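Multiple structures are listed underneath, in structure tokens.
Okay, so subunit A shows up in both of these, paired with subunit B first and subunit C after.
== the complex of A and B ==
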């Protein structure tokens, strides 16, 4: 009987910890997405939007983790300077890609679904977004190190990082870290 | 008009898909290799006939391997070893399609028989079962820093393939850097041809579709939405029949109700009234490619269709199925004049093009290699659709 009550207590504690963690992540995401949507709504054009959302996104997205995963195993061969350069360039691309999905003057209607705990300190929050008359399923992947950070955005099953992984992996196989950085520089240099 | 389109599609099937099928067959010839994940057994696509260089995965042979009972550590000293039917000794294809035997391996290793007679499929089944129970039990995964050294109780090593039996309770943790190593991908056996069509489509998008789409956007948003709603409603048989073929009877029922509501209350589908009914608002749309996937048909290889864009051998056949199930096709083939046929189908084509350009721009605008970005995006999207 005593052991049974102990198990119940442990389960209750584990559940409350899980719920608290999940709620934190949900609050964090809602705040971040709403902030970006408000900036987009008030923006005059798309290029201005990218520069305006950058300070917000830097605090909510883990660009270092994203770049590392987009490059894959080749990341181990990057030196400190290359890591920094690649992360900065990739951050610019991600911000551009993410902000290009917003149209100034349009506000999305977002429905948040229950979060899924995929591993300790790793969470996926599925959402349904009604935007410009179309509906999209968007999953936000988040991880907690010190604070929660977005590590991937999956739109209709298409992961942002997985899509870049395919491209950067091919670059790395061609010419290692310099080829990856060169390709990122070239992509960033293209005028929007 | 439609006869021309149908003839073109048939010719394309013969000239593009069949060589693609042959090419993908030749690529897959040496890929009877699988990895085991907690979701089950997954086939390994061999890029150029080789396993990934830096992979830490354990690879298994798909088919049973019956080899003579003989420990690897004590090779039988034969003066002239005969080649065994082991896949290792068979010639493999490199990235350029050239075949070669494993020249870098010492002859003794390349031709040596594996040790004890073992049914590999039995090991695979056992491993899948074990990993499923492990993942169900594992409430507290082991931190990355305390990654266990996998105890190998028995191991058979061949030049490229290691068949390993892991210690009970050992967890397989993914390399932190390789989280996206198993991204969904469709084998691209005819990449040069695909890149050619991709370039043609890109030019078409830029010089023809984009201006048409821009002109179309002059229409008020309500008008464009109405056009989109009407055609979506008309295409009801495609979704309904495929729901039935996939045994999704609940979805088929919902699709039927949606069609009725939109046709009657929504004045022939102009207004999508179903959006205001929660049960009918988000019914996942089924198509023939998805049905084929549910029936276990593989993608075949990646194909870039002229004008239509990314597809695979399976999804191209699926498109033909969707085309046949679409009432617009029936009307067009039903003896109406060419002008009437164009009048019926053109608004839908422009409307679809408009939506497609948006998606195309989103994927390619900030891409490093737009071709690879579209291929990856398409593969992932179709994987998601097939799993619905």
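== the complex of A and C ==
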């Protein structure tokens, strides 16, 4: 009887810990998305938005982890300078690409679904976003090291990381780290 | 006496032949013909539509495993796909699993993409970085017919 009570208590504690984690992650995401949406709403154009939103996004998105995962296996061959350069370029590319999707004066209507704990310190928050008359299913993947950070975004079933990994892995196989950095520079230049 | 022995041998040969055909049919059908040792890993997908037991698991276009089974996770209604992959394949923990299609309307398969972590997936580990099957019909539908909200917004502006 005593051991049964202990098991029940342990389960209850584990559940409360999971709930606390998911709530933290949900609050974090809602705050970040609302902040970005307000900046987007107040910005006059997409290039102004990109520069205004960057200081916010570097605190909510783990660009280093994203870049590492987007490059994949080849990342182990990058030296310190190449890691820094690739991360900066990838962050710029992502911010510019998504800034161009926003229209000033349009505010997205976001419905948050319950968070799913997929592994310890890893969470997925499915959302439904209604923006400029169209509806999108977006899943935010978050991980916790010190704080929660967004590590991937899945739009209509297509993962940002998977999309870039296919392209950057091909670049790496052709010419190593310099080829990946070259491809990122080109992509950033196109979106200027 | 000699004829009986011959008939028995022929009969035994036929029975063994049929047994071999049945065995091969089952093995090919379930896709479990992988040479060498294997281990099991799991992948969590929001949608595993079109995938079935025996579907191929590819890495760089090479078959490295098979789908062992698919079950529903009742807590979040996701699909847990069990993959049987070759033991010689060491997959970093941040590897990705995507459900892809051979051609436009071909069979579904799981495509693995190795990550950059220094730790590796062990038997029974789960891949959480996944990309589900893209619902092509629904995407085409959205493109072709738009959405209710869009039409409503257009009506509001008139």
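Following the convention adopted for this analysis, the second predicted complex is superposed on the first by the 190 of 192 C-alpha atoms of A that agree within 3 Å, B and C clash if a C-alpha of one lies under 4 Å from a C-alpha of the other, contacts with A are read in each partner's own complex, and residues count from 1 in each chain.
Following the convention adopted for this analysis, a contact is a pair of C-beta atoms (placed from the backbone, for glycine too) under 8 Å apart; a residue touches a chain by one contact, two chains touch by 3 or more.
Since this is a predicted model, take the numbers as computed values, not measurements.
On the shared subunit subunit A, the superposed partners subunit B and subunit C overlap sterically. Residue contacts after overlaying the shared chain place A:73 against subunit B and subunit C alike.
Contacts of A:118 after superposition: subunit C is touched, whereas subunit B is not reached.
Of the two partner chains placed by superposition, A:172 touches none, neither subunit B nor subunit C.
Of the two partner chains placed around the shared chain by superposition, subunit C is the only one that A:139 touches, whereas subunit B remains out of contact. Touch criterion met: A:164 reaches subunit B, while subunit C stays clear of it.
Once the two complexes are laid over each other on the shared chain, residue contacts for A:148 go to neither subunit B nor subunit C. Of the two partner chains placed by the overlay, neither subunit B nor subunit C lies in contact with A:63. Contact with subunit B, but none with subunit C, is seen for A:100 once the two complexes are overlaid on the shared chain.
When both complexes are aligned on chain A, the segment of subunit B among 98-106, 170-178, 206-214 or 242-250 whose C-alpha atoms clash with subunit C is 170-178.
Annotation: subunit A residues 68-69, 71-73, 75-76, 119, 133-135, 156-159, 161-162, 165-166 touch subunit B in one complex and subunit C in the other. By the touch rule above, subunit C contacts subunit A in their complex via residues 44, 46-47, 76, 78, 92, 94, 96, 98, 113-116, 126, 128-135, 139, 142, 146-147, 149-154. Within the complex formed with subunit B, the residues of subunit A that make contact are 68-73, 75-76, 93, 96-97, 100-101, 119-120, 128, 133-135, 156-159, 161-168, 170-171, 183-184, 186-187, 192.
Listing the residues of subunit A that touch subunit C in their complex gives 68-69, 71-76, 116, 118-119, 122, 126, 130, 132-135, 139, 141, 152, 154, 156-159, 161-162, 165-166, 169. Those residues of subunit B whose C-beta lies close enough to touch subunit A in the complex are 54, 140-141, 175-181, 183-185, 221, 225, 282, 355, 361-363, 365-369, 372-373, 375-377, 380-381, 383-385.
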